[in-house]
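Right after this note come the structures.
What follows is chain A paired twice: with chain B in the first complex and chain C in the second.
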Partner chain A sequence: MLAFLWRRIVSSALPLLVVILGVFFLARLTGDPANLYLPLSATPEMRAEFAARNGFDQPVVVQFFDYLGQIARLDFGESLRTAQPAAQAVLQAFPATLQLAGTTMLIAIVAAVVIGSLAAYRPNSLADRAASLLSSTSASVPDFWFAIMLVLVFSVTLNWLPTSGTDGTAAWVLPILTLLIRPFGVLVQVVRGSMVSALSAPYTKVARSKGADEKRVIFGHALRNAAAPALTVAGDLTVSMINGAVVVETIFGWPGIGKLMIDSILERDFAVLQAAVLLTALTIFALNILIDVCYALLDARVRQGVTA
Partner chain B sequence: MTNGNGDHRDGTDGGVDGGPGFASAASAAEAPAPQPPRLFALLLKDRFACLAALVLVIIGAAAAIGPFLLGELATEQNLRSTSLPPFTLENGWSFVLGSDSLGRSVAARLVVAARTTLLVAVPAVVLSLTLGSVWGMWAGYHRGWRESVSMRIADVILSFPSLLLAVVVLYVFSPSVANLVLVIAIARLPVYVRTARAESAELQSRLFVDAARTFGARSGDIIRRHVAPTVLPTLLTVATLDFCFVILTESSLSFLGIGIQPPDLSWGLMVAQGREELQTAWWTAVFPGLAIVITTISATTLASWARLATDPAQRWRLTVPRRRRRAKASTEEVPA
Partner chain C sequence: MPIPPLTPATGPRPLRIPGVFAAVGLLLAGTACAVANTDDGGAADTVRIALPEEPPTLEPCDASLTATGRVTRSNITEALTERVPKTGALEPALATGWEQTSDKTWAFTMREGVTFHDGTAFDAEAAAFSIDRTVDSDIGCNVDGYVFGDSELTAEAVDDHTLEVTTAEPDPILPLRLSFIEIVPSSTDTQDKAREPVGTGPYKIKEWNQGVDLKLQRYDGYWGDKPAYATARYVWRAESSIRAAMVSQGEADIAVGLTPQDSAGDNAVEYPNNETSYMRIDAGEEPLDDIRVRRAINYAIDKKGLVSSVFSGLGQPAGQIVPKGVTGHNEEIQPWPHDPKKAETLIDEARADGVPVDTTITIIGRNGIYPKASEATEVVQRSLIDAGLKVKVKMLDVNAWMEYLLRPFPSDMGPTLLQAQHGNQAGDAAFTMEQIYGSSGAQSSYGTEKLDSMIEEAENAQDEPRQQAFAEALAYQNDEVVRDAVLAHMTGVMAISPDVSYTPNSATNDELRLRGMQPAD
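Up next is the complex of A and B:
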């Protein structure tokens, strides 16, 4: 098990490193912060002083190694925009994104398991066709447009729900509904597909022939075996959600990490951008390893390969 | 999008070329005389796939011809006809879908924006499909270090926040259509590399590839003549599905203000502009979004049909029930 974990950690560490490296250099390609933070009439001396104060006068490679040294001391620099420590800005925004992503994925998984299993129980039935229509439509709808339609119907016309903010349960409804459509559509299809093959597999027949009741057959035998592919896909979907529900956070004014990232790119706030990308990359890194471990525990064949 | 449809037709033709070779290799035992698959006839038999193809052709034609006919109408501002409501012919056909706050026809703008949207999506898909499949087949055929290095590169691209890449390109280079195509193509490359690698790694140990190797064929020729025709149907299905994803990506980027820039138009940008007028003129935000939904649903429908039609082991699902249904229909017609 430890060897398996170690192999996974080593092979996932390379993308992590490249992302940190890439963000550092690409961010500096977007332009000189002095153009944004100093007035147009700034003298060359003022610009030089600004660059020296923020360390931008050094060669980029030197800046990078300084940055690595700072990370090792858990110092993530200061925001150019607010002079607040970058770590603090990022840690304030991250819980909002995590809560949103977590709630959404929980709802999506439960709904997809129920609807996908119902659809797979009788393939080609009315329920199955309704589920596949629903899931394929929801995977084709642009989320930003769906969000605006929700605002149009529930906020502008009916005046039931707030258009933005995080106060109260009502404010959570529209962001979650918007975030839900893509993972829900994809997961229903995955659960349905693997449940169809699990329900026609020999072990299901054995379970039925032993007289197990349908509930046990579906949830105890079929679903347990059909869970692995759904788990992998759910993991990928969570990863993309952590990487920034930028669209949803922008439309609903949700103070999350995606909005923070895009704002700090636009404002050339390098320290905050780097800290945000580092935190999300680390979370995704940990999540990927967790998914691999779950996958191994769930599938007896993989588990044997891991422990052997 | 005559361009796009042309590519797609070429693609299905490629599938036909690949078909017999695949059938003889994979299921020679079950099908002694493989029927040449006539994809077009199959398409006509499936109502939904046919409708989806028709919708895509109409959108393609509108994008190709529309801007020449409606280009002026789309940019013409008329402050006497601002925010006209849709679905009435009182203001003439050009305002059948209403007008925005500057009095421009929404219908004409939709047609002009279709061109930009397809000019980004089609080249991006073609570029990543071509590069990704060649790279993936090469990596999967040779295995070893070439395979592992390619997979690591794909991992890195996948884990890189593509939004950041898009913003950088916007600031460093100009936010032109060509740069947007390049960013999206790079971001989608791993999908094709992974699919092509997996299929080709499995194929390179098959008997017919071994036979070709025994005859002394060079690896490039084996990939081109024996591996590519078999992998192509799968890749084309992935590409059709990816077409939706690319349209959604482009429109999200344009919506966020880091894709297509005014005065150019795209559907995503139109939704962003319509969002400001949501209270007074909802139609300016609703219709461009509907255009995206209709296009992506058509592409998904066509993709799931193509997956069945290009797979010799699954094709019966399209032919058998239809024939039965047709036979039933004709017997019912006889007494009438």
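Up next is the complex of A and C:
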């Protein structure tokens, strides 16, 4: 088991290095931060001093190895914008995103299982068509438009919910609704699809012929088997949400990692950008390894590296 | 969005389920650290302000940065002098008076009975320390670059109440420049920036809940009149329509940085925001090196139409880059009249003389520089095409656009018009002329020796002759150099709740004075 774990960690190290390299060099291709941080009237000496103070006067490769050395000492540098440790900014923002993503995914999974199963139970029925329409609409609505519409309807017109912010439970509703539409739309389709094939599979017929009641057929047999692909997709959707819900965080003023990343790109705040990408990459790798370990614990074929 | 392909259902694989549940469980566990819930509601003694962005820092020596200055300046910290935005007059703040004792020295008298938020007394020593920290330290203060450039000065406390400031070169507007140096106690860090500074202002920092909100609290030991609100709470929302909605929904009292499209309704208040929009003409390149072409560009653009249609009537057609209230503004310069016939004639004349007027001119625009920025470039493009020029538009984001704004310019840029906007928050044309019209100014791609010497002369003059000299330089620029097509003095929009009384002015974008806010009657 330890050997398996080691193998997975080693094989994750290479993509991680690619991420570190990519972010570091791509960020530096986007322009000189001095233009953004110094007043327009700054003298060339001030620009040189700014570059020297932040190490930008060194060749990029030298900067990169300095950066690697810093990471090894768990020093992620200082934000150009706030002069605070980049790690602090990132660690402060990450929980807000996790909370939002976790809650949203939980709701999306439960809702998709219920609606997807109902739709699959009688394919082409009115309920099925309604579910399909709902899910394909929600999977294709642009989220920034949807967010603004939600605010317009529920805050400005009906005055039921706050426009934005994090004050109280009510403030969670609109961000979660906005974030929910895409995974919900995708998951309903997946659940429906796999339920349709599960309900027509031989084992379902066997169960029915043995006289099992419909509840047991649906929940005990069909859903249990249909859940696997749905939850695989849900895992992927969760991972992509950890990257930050940029639109939602920007519109609703949610202090998460997506907003932090987009701001640090726009502000050429390299240290914060690098730390944010590194932390999310590490989290995603850790999640993937955790999922693999769970499979491995229960499935000897995975553990031994046998391709299924 | 494409629906991901279904994983083929190859037999029962219930084993995946616990893994994914574990992943979701881990996510939820990671949320133990709760997003803070803070709500001051609409308490009558709190004024709630919605900003476009969180202040990166409240460091007083970075107060020339808008996001920092609008919270720090005149609220947390104060300067020795203070400029009245409307008249441009300089008034006493922490200094009660000043005089020029020789051509390079000035003496300032310190206000007595002033204390910092930490209880220490304000004196000339603290003032000298603050000037030194801003201008001479290694922390890279934005104010230093913005106000002082490479000019050097030394500050010395003669006694507790007298400060002497010496400059390397005579500086007729030193007291104005010092209105940008916010005063901090001598105990302030000189190695690093102070995120949460101590000052003498009417408010001190109560709590900064990063990412969420910032609260200031009235300082009871303040030397001046007690401000109306006991606390101020700042929140930030990047989306301007959300900020507008916050005021209409009673979630905020004041929202800044709105556009006419944000439907702030009756809460919307318009004010001249000190910015002037213009197109910089890169007059060093053919065919723009011919003054007839540059004049034709000015005749071709319908500034009135631009303001009324594109800018929704917000703004004032302008003929010069410095607005009223700034030393050097020339009352006599009128916006160029819209005369498409004359523009056409001038282009034809130039063509007849062999000027390559068919060379394609590129308008370099910047997305979001002001509301409807790209529509504005299209209007300009259309007018110039009608006048007989070949014009294309290239819209860029801030950083890419900056490459064209600042020296050194891209070498292969060809003839360009640069969409730009200039705000002179300091109130003296010295902060405009050299960098924008000087031959080697940071934002200037063209100048003339005559204009350079006129600018230099004006910079060394004082009082009325200074006003006169800058006004003449601006007129000369407008008549004989024609380095740009000035479009409009811009108007800002903010939302103010009916419960709060506040009158914005041309400095509002750079300093949002809490002292000026009261509950409405």
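Assorted remarks:
Simple rule for what comes next: the second predicted complex is superposed on the first by the 273 of 308 C-alpha atoms of A that agree within 3 Å, B and C clash if a C-alpha of one lies under 4 Å from a C-alpha of the other, contacts with A are read in each partner's own complex, and residues count from 1 in each chain.
To be clear about the criterion, a contact is a pair of C-beta atoms (placed from the backbone, for glycine too) under 8 Å apart; a residue touches a chain by one contact, two chains touch by 3 or more.
Not measured: the values here are computed from a predicted model.
Once the two complexes are overlaid on the shared chain, A:Val110 sits clear of chain B and of chain C alike.
Of the two partner chains placed by superposition, chain B and chain C are both touched by A:Thr250. By the touch criterion defined above, A:Ile148 lies against chain B and chain C together after alignment on the C-alpha atoms of chain A. In the superposition on chain A, A:Asn35 makes contact with chain C only, not with chain B. After overlaying the two complexes on the shared chain, residue contacts for A:Phe50 are found with chain C alone; chain B is out of touch. Of the two partner chains, both chain B and chain C are touched by A:Ala139.
Looking at the shared chain after the overlay, A:Asn225 reaches chain C, while chain B stays out of its contact range. By the touch criterion defined above, A:Val156 reaches both chain B and chain C.
Touched by chain B in one complex and by chain C in the other are residues 30-31, 139-140, 148, 151, 156, 250, 266 of chain A. Residue ranges of chain A in contact with chain B, taken from their complex: 11, 14-16, 18-19, 22-23, 26-27, 29-31, 136-137, 139-146, 148-149, 151-152, 156, 243-244, 246-247, 250, 261-262, 265-266, 277, 280-281, 284. Residues 30-31, 35-43, 45-46, 49-50, 53, 81-84, 89, 92-96, 98-99, 101-103, 105-106, 109, 139-140, 148, 151, 155-156, 159, 162-168, 182, 185-186, 189-190, 193-194, 197-198, 201, 224-229, 231-236, 238, 242, 250-255, 259, 266, 268, 287, 290-295, 298-299 of chain A touch chain C in their complex. Residue ranges of chain C in contact with chain A, taken from their complex: 1, 3-4, 6-9, 12-24, 26-28, 30-39, 56-57, 59, 64, 138, 140, 142, 144-146, 149-150, 192-193, 195, 210-212, 235-239, 241-242, 245-246, 248-249, 251, 398-400, 402-403, 405-406, 431, 435, 442-443.
Of all residues in chain B, those touching chain A in their complex are 152, 155-156, 158-161, 163-165, 167-168, 171-172, 244, 248, 251-252, 255-256, 268, 271-272, 274-275, 278-279, 282, 285-286, 288-289, 292-293, 296-297, 300-301, 304.
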